[in-house]
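Order of writing sets the labels: A, B, C and D. Residues in every chain begin at 1.
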Amino acid sequence: METKEERIVALLHGHDRAGIVARVSGWIYARGGNILHADQHRDRQEGIFFQRVEWIPVGDVAEEMRLFKEFAKSDLEMEVSLSRSSSKPKIVLMVSKFEHCFGDMIMRCRSGEINCEIACVISNHEDLRPLAETFGLKYHYIPVSKETKPQAEAKQLEIIRESGAELVVMARYMQILSENFLDTCSAPVINIHHSFLPAFAGAKPYHRAYERGVKLIGATAHYATKDLDEGPIIAQLVTTVSHRNNVDDLMRKGRELEREALASAVRLHVEGRILTYKNKTVIFD
Amino acid sequence: METKEERIVALLHGHDRAGIVARVSGWIYARGGNILHADQHRDRQEGIFFQRVEWIPVGDVAEEMRLFKEFAKSDLEMEVSLSRSSSKPKIVLMVSKFEHCFGDMIMRCRSGEINCEIACVISNHEDLRPLAETFGLKYHYIPVSKETKPQAEAKQLEIIRESGAELVVMARYMQILSENFLDTCSAPVINIHHSFLPAFAGAKPYHRAYERGVKLIGATAHYATKDLDEGPIIAQLVTTVSHRNNVDDLMRKGRELEREALASAVRLHVEGRILTYKNKTVIFD
Amino acid sequence: METKEERIVALLHGHDRAGIVARVSGWIYARGGNILHADQHRDRQEGIFFQRVEWIPVGDVAEEMRLFKEFAKSDLEMEVSLSRSSSKPKIVLMVSKFEHCFGDMIMRCRSGEINCEIACVISNHEDLRPLAETFGLKYHYIPVSKETKPQAEAKQLEIIRESGAELVVMARYMQILSENFLDTCSAPVINIHHSFLPAFAGAKPYHRAYERGVKLIGATAHYATKDLDEGPIIAQLVTTVSHRNNVDDLMRKGRELEREALASAVRLHVEGRILTYKNKTVIFD
Amino acid sequence: METKEERIVALLHGHDRAGIVARVSGWIYARGGNILHADQHRDRQEGIFFQRVEWIPVGDVAEEMRLFKEFAKSDLEMEVSLSRSSSKPKIVLMVSKFEHCFGDMIMRCRSGEINCEIACVISNHEDLRPLAETFGLKYHYIPVSKETKPQAEAKQLEIIRESGAELVVMARYMQILSENFLDTCSAPVINIHHSFLPAFAGAKPYHRAYERGVKLIGATAHYATKDLDEGPIIAQLVTTVSHRNNVDDLMRKGRELEREALASAVRLHVEGRILTYKNKTVIFD
């Protein structure tokens, strides 16, 4: 880390008007703050302005956050979300049977590479309980069938709410979350899935990609929305494949991409680097 | 080049049986040939065997080619295509108005980077005539409207046939070739088009990719088949994009990918490195 | 292009102080300008601030440029360079015998993909004259030997100065430019060369990379400085290689990288996206 | 996996002569074996032939291995190494304080993604003992100082020998192994380190790369030889960086590359896909 002093991160967005950058930096400047990073973006087509600004405040951090929020809302009429570098957000991991993303997330959270705390694990299978418990993680087994899905989701939502999680990570959770789940969930949800050129909808995508002889395979991490895999894209990775690779090779390479794209997306979210609007993201990396 | 002695390249494929590699190399070995490269592949699911073998023959090259063809057909019961390093295949370029792929193909062919000769250019517009004629290339202007398409294609097919071209390259030719064209064309056709994750069918794909906030864009070179952009894939490239890139940036990056993927696909074809079967390719690169 | 209205691009850098962003955007805002893009960077270690800002001015463009320059120098005490979107800078291409970068640069300049005009070509060989003259480019043949190098460079410098070029592009010019040349040249010089992991100094780098069995090869475009290939890096590209690739393959792949990295570097320079300091670059892309 | 029948993998290399491919496949064919994969390579410059062949034998696997070895040595006069798919080789992990490669290796070995067993861990620090013991791994703490290095290495060598390990993996072990260690170690050693374009020898390479403004950073996994980081290269990865990235970002990106390049190299080794000669590798992937 560049500095050990506490930093505030603000994410702003709203109607684009000339002078916003000047006013934001002016406000921080006037209060003695030291801007470390500031990045802005304007979507000219939509007329929306976005900014991420990270600074070291003078004085009480909580008070500065409160005042900045007030300034952003009242004076700038912008949406704002704030976080401070000393906070360590909680996340809930949802998993099924595959362990590659799950194990990787655990390792990165415990080492501090992703600055968050795993509040608990929710799974529709018992398979990954031993690995979770090896790390002292609470593991909620909630089986899901067609009939029990509403009750299962209600239980999941309650666990998530009670955990105080600020993010839910679907680390290869192989159930579709209902529209109701996503509407009422107390935290945003990040999902990871394979992606191909061309796209292969439906079952066994790696087999179909193999049959089609694709030369690239990919993975996409995105926020889950009711339109399934159509939510705002956070991170995408691809790698090359050839006729020498069989379906197992494609799956192995796919796991590598899923692991890295998911970890990258969660890190970006936790560090307050993502703004979403109109089904797309601005990533201040 | 490693060697100036003339080489034969054979592409074989057929029903997979044990011992084919042994018999091919045995045949060449017995006749004093010196194998430079040999690569094989078997699709175990389909039970098909593929081989590319490149060797320096002893004696008359044409005669060795004739004998190998006979051996492959009669003894091995395999499909075979043969070429010799001294031959320079002819290609026909089909273009519309964009010049990035067209200019790039001309440069690579004239420098020998792609070992072929441009027999002529066919276009539905006059825009690229000056550039073609700068290089002394014959330019056939054949306008295409909904009504005249059958006649236009008949004329195109005749020009291609008479040119003796072994390959047709759609270097951003913005018309859809009819099923009849592709069925009766005297040479295979390579096409290039953008590809996205997720895919965007229909018009203005770069605009839609921008609206969707994709983090990667790509290009795919493939053989044209009656199912439009669904033919066997030869080469795929991607590059990263971010919210900082506008639609123009996406298009610029797309041109870069199209240029390189198309050039790569044409080179692979011309060097006899591509075998196709069941709508996919084996690329011996 | 997003807009056809004329834009001003300013590149600023200087001693970092709080409030600069506010003052720059405030100045433009106060004069009715419309900021299209603004990106800034601060090197906290060095205490230097950098900004690229692109805007549509109200009123006379030349006058706005003059006033902004004055403001930047007097009020902000920053170094500033300004350009306007309607200007098309001149460049001089220096080449030897390889044509891949040369042909590619010509194509991109003539299509407007790189927004500049090739003032002339300087070469120590006659090989590329026909290609240059095909495009109506003036070609200066200046042979260079150990003895004649000072005079040759004097002649080159004069041609460059008289051409009014704002950039010199070494598109595979295989002579080392002297310290004196670089000190007195009236325009910055961009060079392209291969780069490897590990690095291979000296002759025949592709042969040595092949012998070493590297799995990646690369190309680096940079400003030429007296320390040869040690100038500020603008663009770097790599691609994978394997034991299946021979030296010719490495060279072919290297040409691909050189072409693209050089084109990218020249475009970034021409679009006013590069700031250099302390032997490194800030690229506002 | 494509098949559950046991497979034999043979790696052959030796003096190149015509007909070897024919004889190898002929031998397997004659004994009823079913070749799944066969890939060969010849280094024409050095006159060396390489082959990896993987097949399902008929009859007793151990006996077939014995007979093939005899055939390869006596008839073909080739070096040969053999493994069978049911065997799970042991590896020893050497670590210091960084946990990213270490944790990742553990996860991949336990999930079977890398088909090996971690025999034990050797470290010159106690830091990673808790993580190792979480997974029930034996952890040998052997401090190393300038004075105790010979004795420490002797102890390390003994542990490695007694473990029966077929591979030693330096998962960010920050001590230089002596020439004597590498000469007498009972197993090959794979190391991982950063690599840059240009290379930065000496201390704090990420800081120096940052100062130089590189646009790419990389990691290289290789066999350790007495010339330190100059051993045969197995895997290399790179990623892009920009002026927006500070030294911490470079290090974070570097960790990502190190993790993946090391995992890839160990997997390739364990699956018998690497042949080394003259300080380079042939990778049959």
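The definition used in the following text is that a contact is a pair of C-beta atoms (placed from the backbone, for glycine too) under 8 Å apart; a residue touches a chain by one contact, two chains touch by 3 or more.
Because the structure is predicted, anything quoted here is derived from the model rather than measured.
*Asks:* Can you give the rotation angle that fits chain A onto its twin chain B by Cα atoms, in degrees and rounded to the nearest 5?
*Replies:* When the C-alpha atoms are superposed, chain A turns by 180 degrees onto chain B.
*Asks:* Considering A-C alongside C-D, which chain pair is linked by more C-beta pairs in contact?
*Replies:* Between the chain pairs C-D and A-C, C-D carries more contacts.
*Asks:* Just curious, how far off is chain D from chain C if you go by their C-alpha centres, in Å?
*Replies:* So the centroids are 41 Å from each other.
*Asks:* Quick one: chain A and chain C, Cα centre-to-centre, how many Å?
*Replies:* Distance between chain centres, rounded to whole Å: 37 Å.
*Asks:* Residue numbers in chain B touching 2 or more other chains?
*Replies:* 2, 39, 244, 285
*Asks:* For a test of understanding, state which residues of chain D touch chain B in their complex under the given definition.
*Replies:* 2, 18-19, 21-23, 25-26, 28-29, 33-36, 38-40, 42, 44, 240
*Asks:* Please give the residue numbers of chain D that touch chain A in the complex, ascending.
*Replies:* These residues of chain D touch chain A: 1-2, 39, 99-100, 103-104, 107, 110-111, 113, 134-135, 244, 246-248, 252, 255-256, 260, 285.
*Asks:* Per the contact definition, I'd like the list of chain A residues that touch chain B in the complex.
*Replies:* Residues in contact with chain B: 41, 43, 195-199, 211-216, 218, 220, 229-230, 232-238, 242-244, 278-283.
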